[in-house]
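Across the two complexes that follow, chain A remains constant while its partner is chain B and subsequently chain C.
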Partner chain A sequence: MKFLRLIVRNALRNKLRTGLTVGGTAFLMFVLLFIRTALTEMEAWEGEAAKHDRIAIQHSSGLANPLPIELENFLRGDEVSKHGYQLQKMNWFGGWWQDPRNWFANLAVDHPIHRELWNEQKIPDDVQARWAEVKSGAIVGKALADKFGWKVNQKISLLSNLYPCVPELDIVGLFTVPSDIRQEQQLYFRWDYLDELMGGRKIVGTYWMNARSSADIPKLKEIIDGHTKNSSDPTETVTEKEFAAQFMAMMGNIKFFVYFIVVGVLAIMTLMTANTVAMSARERVTEIAVLRTLGFTKGRILYLVMAEGLLLSLVGMVIPLGGALLLFNVWKLSPNPQWFPFFFIAPGTIALAVGAALASGLLAAVVPATMSARRKIVDGLRQVV
Partner chain B sequence: MSDAVVRIQGVAKVYQRDSQAVPVLENIDLEVAPGESVAMMGPSGSGKTTLLNLIAGIDRPTRGSVEVAGRALAGMSERELAKFRARHIGFIFQLYNLIPVLTAFENVELPLLLTSLSKADRRKHVMTALDVVGLTDRVAHYPRQLSGGQEQRVAIARAIVTDPTILLADEPTGDLDKRSEEEVLILLKRLNREFKKAIVMVTHDPKAAAMASRTVHLEKGELVPA
Partner chain C sequence: MALPLKYNGRSLWVRSISTIMTILCIAGVTIILIWMIAMGTGLEKTLVGTGHPLNLIVLRPRQTETTSMIDRSQAADIAALEGIQKDTKGDPLASFELVAVAGHLMVNGKKSNLALRGIGPKSLELRDGLKLTDGRWPNPGLGELAAGKGAQGRFTNLKVGDRPFIRGRQWSVVGSFEAGGQAYESEVWGDIDDLKTQFKREYSTVIVRARDAASMDRIARLIGDDKRLQLEAKPHAEYYKSQNQSAEMMKGLGGMVGFVMAIGALFGAANMMYAAVASRKREIATLRVLGFGRLAIGFSFVLESAFVGLCGGILGAIVARIFIDGITSGTANWVTFTDLAFHFRVTPGLMAQGIFTAVFVGAVGGLLPAWRASRTTIAHALRGM
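Right after this comes the complex of A and B.
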């Protein structure tokens, strides 16, 4: 700490250059935080889904194709029941409230089994009971209700491009998901109500069920997909994690591009800081030689120059991190509320930012620091800069 | 002179410039007694600064031995030499070489940062050194806010703040006007006479040499009679 003053003063020696470097680093760090958070949010369901033994039975041609209602009887039969239970029909309604910008996840489900199958959703008994009573009833995640200012017993209607009907829903209660608040951005209403609105056409988007254990999942896939293999509606049975991963896959090899950008951002950050530290050290060749004449060891010089690089890098990290935490975690803003109802800078992302800043600062300073420390004192004293 | 502060025996220094060997010093023998002040004179390129650098332990001889404060410098590692310089050598440069981003106080404090002294003790030492050079009213001034003479006096304060065994000065008045030159020479004389500091000073200036108790002459890398 005795040398902090010297390190800071040296870093601030050329204020414009340091300011531009820190500003550039801060901007790139903000980009890194933003991209990483976007990716984390997109992957969140995949991570959460891996904790459960739920499976989805979907049409092998894709989610846009419905499954036959007759399949339900087979899925409730003995052969499947030995390995799976809590069967539920689920349709993605894809609707919005009042304005297409108010788009959110809304699904029609078999309500009697919902609470047991999706047991991470905490649905109070009285809410479950009312849902059973009210055919147009809907349960809403607390975060979603807070977002739109919905209250229990309020009537809302949904519009959708996927279904030619307008469900008039009565909010019968709220649910919470303590393990993952993102899941509170959903609304569930009754499948039988949607079917009634659709004139009893018995459209089923997907079937969901719980495997009795993770060991039963391959068997379920084999039985179900084997049964439908030669039918007009062959199925593809997937785990919840695989189901979630499909959405990421729809975006192409987005992970690769995201990580490519992250690596590029880190490289530019490092080069920018390296350039500044190298220029600064180059301008101080004589001063460094003077310090060594006074008794500063090579190691001490190495430390001083490295610390300077680290300081620039850390300041360039703290500013955008503080800003991002304020914007997204405190004020709860989102760059795109539809895609990212929540946009939290996760602890892992903070750790990544700190680690990246440390690595970038050290990497940027290592060459100029080593060169400064290694230069002969007499050569340094002779140098005219 | 068995208790010599500096003992140089048979020292030669040859620099390698590309494939050319350039001899700078040849067969130098020199002793400096405690409390003695020695002026080294000679034309440019005669090897004065090189000899001073060898005494300071910032360069190594090609041949011969250099002993300072009773210690042979040849066997010391870079790290040991750095510690040795911090403890025994006070160096004064022609161009002062203060750190421009630090105040006079902070510049003088620099060598003390390498010691285990407390902040309060460091402050006491720095103020004493600045008092000796008559600059206690300039503690918060940056080098750019000082005259050349004042800068050199700050540099002298930095050189003496650790109470070194010997002061080495490389043309300490070479960049000063007449008045500042006199002030610095009076100061160096005082350090030698009053504080008994051994001084080796490289100079072209006969006035500066007159302040020393002995003058040695270098020509083409060899000590020659005056």
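Right after this comes the complex of A and C.
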């Protein structure tokens, strides 16, 4: 640490070069943060979902296939009730508001049980009461209402490519999700209203319920899936996390693509820093020889050059990280609000950035540093730069 | 008078390590740029290239092949409309089809949604570019399937001779087909009545071939104006084009990432050129003494930098062409929620785009250093060490 001043001064000797290197790494580091955040934002629901004991009952042939209404009786029966409660019917309506580009999550649900089952959503009492009164009522997450500029009591109609009907909804109130603002991107309306519009066809997308404890989940899976196994509509009972994960699986190999780019960016960053460290080490050959004469050990020279590389890459990391945190986490901007309502840099991504900067700084400096340390003093002094 | 190019070439050779590192940086950026765009365009091509220009697809307003519903008598009415092309036997070229969705195990061990298309006697005739690569087309009533090449690559149990269990029954795969990269390659085709029975669905669409462009408009109007039908007819190609959302998102994000990375690379190129200018001060002054103008010297440095960009661009484009072109992947079509296989496509056009960006990065990165070089004052530079 006592050489910090020397290291900083060395780095600042050629300000232009240092500036360009830090600038270049900063842009690349921004790409790394950006691309990894696109991944974590897609996966965000999975992480949230793992905190609950909720389960979903879906058709074993996938969500596109509806479930029979008769199943509801069985799910409310004694055998299932021992292990699970708060049963809810939920249909993904897949609607948009005014323009297909304005799509968001809108679901038809059994409203009486909604507040208890999804208890992280904070629905005020009066809102819940009005929802029970107004059949065409809908509750809207606060962030979603802000996005579209919706007010309470506003009428909105949704168009969908899944259902041929057009629900005309009355916004009865807003809800918040203090634990994760991302979950405020939904709109819920009443399942009985959707069913009325569909002429009482009793279409059920999924059933949801709360397991009495996490130990009950395997039992519920066994009982429910066993019951429907030989029917014409067999079910697949999954935890909320598994439910969320199936959408990631549908996205495809995103994870691999993201890490491919991360590695690529890392390599380019390393080359860039290496170039600079090599240049400055080459210029200082005589100087380093003098330091060695003064009694600096090989190890210390190694340390000095390595530290300079590290300094460059760390500064090149801190600037874009700070910028990205400000843009995305504080100002809540998003590069594509339609796909990513929020674009929060996750703690894991920060760790990745720090790790990447350390690795790239060290890797970049290792060759020039070893060369500087190994050079014989006489050779160093003889060389004319 | 312009400086000979040989001068630039030799200069780059003298600083070969620094030059190579910069070339590698720019090559890396080019590869990632091409990767991002190749993913988006590959996905786009499967959707945008699908559908015969004279085909119309008839479905419920706003809905897709997976959700629309058309009953038998409506379908028959549509097939009887004036303006539909007739085949040699005098039957109208109209096909009643159903696309059903079933969750199916993918080769990576996860589950995604497989699209199954129920086809009738005219389905093959209505589509160009279909090629049976193995086995035969399915016969009616036997639960036979033909699998698209893309679907076979993504899902398990779809090879000829396999007997997959889908939506309550065992099917047998009797053929496999290609469709020239169209979206059909991601589907599995079976007999329409087999699928209707098994999925408890009606027809979802009617596809017709119009005699010419004028009758295409007329048929679409007739169907749209008929209040009893509650259906709409769209050009087949347009229907697929409108499902392009994932590709648009990928291209958008890819463009952003590419842009930021290009700026990063620009810094790297500028860094290299500044170092070059600094180390050649006296050389530049000598050139000025010999009578080369400021403009010629500045231009020469921009050219040198652009040349480094060109080398990096060509290297990156070649590597991308060899390793990225033809990679097969897949993602969900977020309009129908079915899996869509696509190939990364590194076309000559895309390679040119990558190389152009690299040259641009090199040239712009060299601008400021070149300006500095051109401003070198003779006396100062010659005197200074």
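The definition used in the following text is that the second predicted complex is superposed on the first by the 344 of 385 C-alpha atoms of A that agree within 3 Å, B and C clash if a C-alpha of one lies under 4 Å from a C-alpha of the other, contacts with A are read in each partner's own complex, and residues count from 1 in each chain.
Criterion: a contact is a pair of C-beta atoms (placed from the backbone, for glycine too) under 8 Å apart; a residue touches a chain by one contact, two chains touch by 3 or more.
What you see is a predicted model, and the numbers here were worked out from it, not measured in a lab.
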*Regarding the shared-chain residue A:Thr276, is it in contact with chain B (first), chain C (second), both, or neither?*
second
_After the superposition on A, what does A:Gln128 contact: first (chain B), second (chain C), both or neither?_
neither
*asked:* According to the stated criteria, A:Thr286 is in contact with first (chain B), second (chain C), both, or neither; which is it?
replied: first
*Classify the contacts of A:Pro164 with the two partner chains as first (chain B alone), second (chain C alone), both, or neither.*
second
*Touched chain A residues, chain B compared with chain C*: C
*asked:* If we overlay the two complexes on their shared chain A, which of chain B and chain C does A:Gln246 touch? Say first, second, both or neither.
replied: second
_chain B versus chain C as contact partner of A:Val31, first or second or both or neither_ = second
*Applying the touch criterion given at the start, work out whether A:Phe260 contacts chain B, chain C, both or neither, answering first, second, both or neither.*
second
_By the touch definition at the top of the document, which applies to A:Gly295: first (chain B), second (chain C), both, or neither?_
first
*Check chain A for residues that touch chain B in one structure and chain C in the other, and list them.*
none
_Complex contacts: residues of chain B adjacent to chain A_ = 53, 56, 58-59, 78-79, 82-87, 89, 91, 93, 97, 99-102, 106, 110-111, 113-114, 158
*For the complex, which residues does chain A have touching chain B?*
2-3, 5-6, 9-10, 12-13, 286-287, 290-300, 376-378, 381
*asked:* Considering only the defined contacts, which chain A positions touch chain C in the complex?
replied: 16-17, 20-21, 23-28, 30-31, 34-35, 38, 59-65, 159-164, 232, 234, 236, 246-247, 249-254, 257, 260-261, 264-265, 267-268, 271-272, 274-276, 278-279, 335-336, 338-339
*Using the touch definition up top, name the residues of chain C that touch chain A in the complex.*
17-18, 21-22, 24-25, 28-29, 31-32, 35-36, 39, 60-64, 66-67, 69, 100-103, 106, 108, 110-113, 166-168, 199-200, 230, 249, 252-253, 256-257, 260-261, 263-268, 270-272, 274-275, 329-332, 335, 337, 339
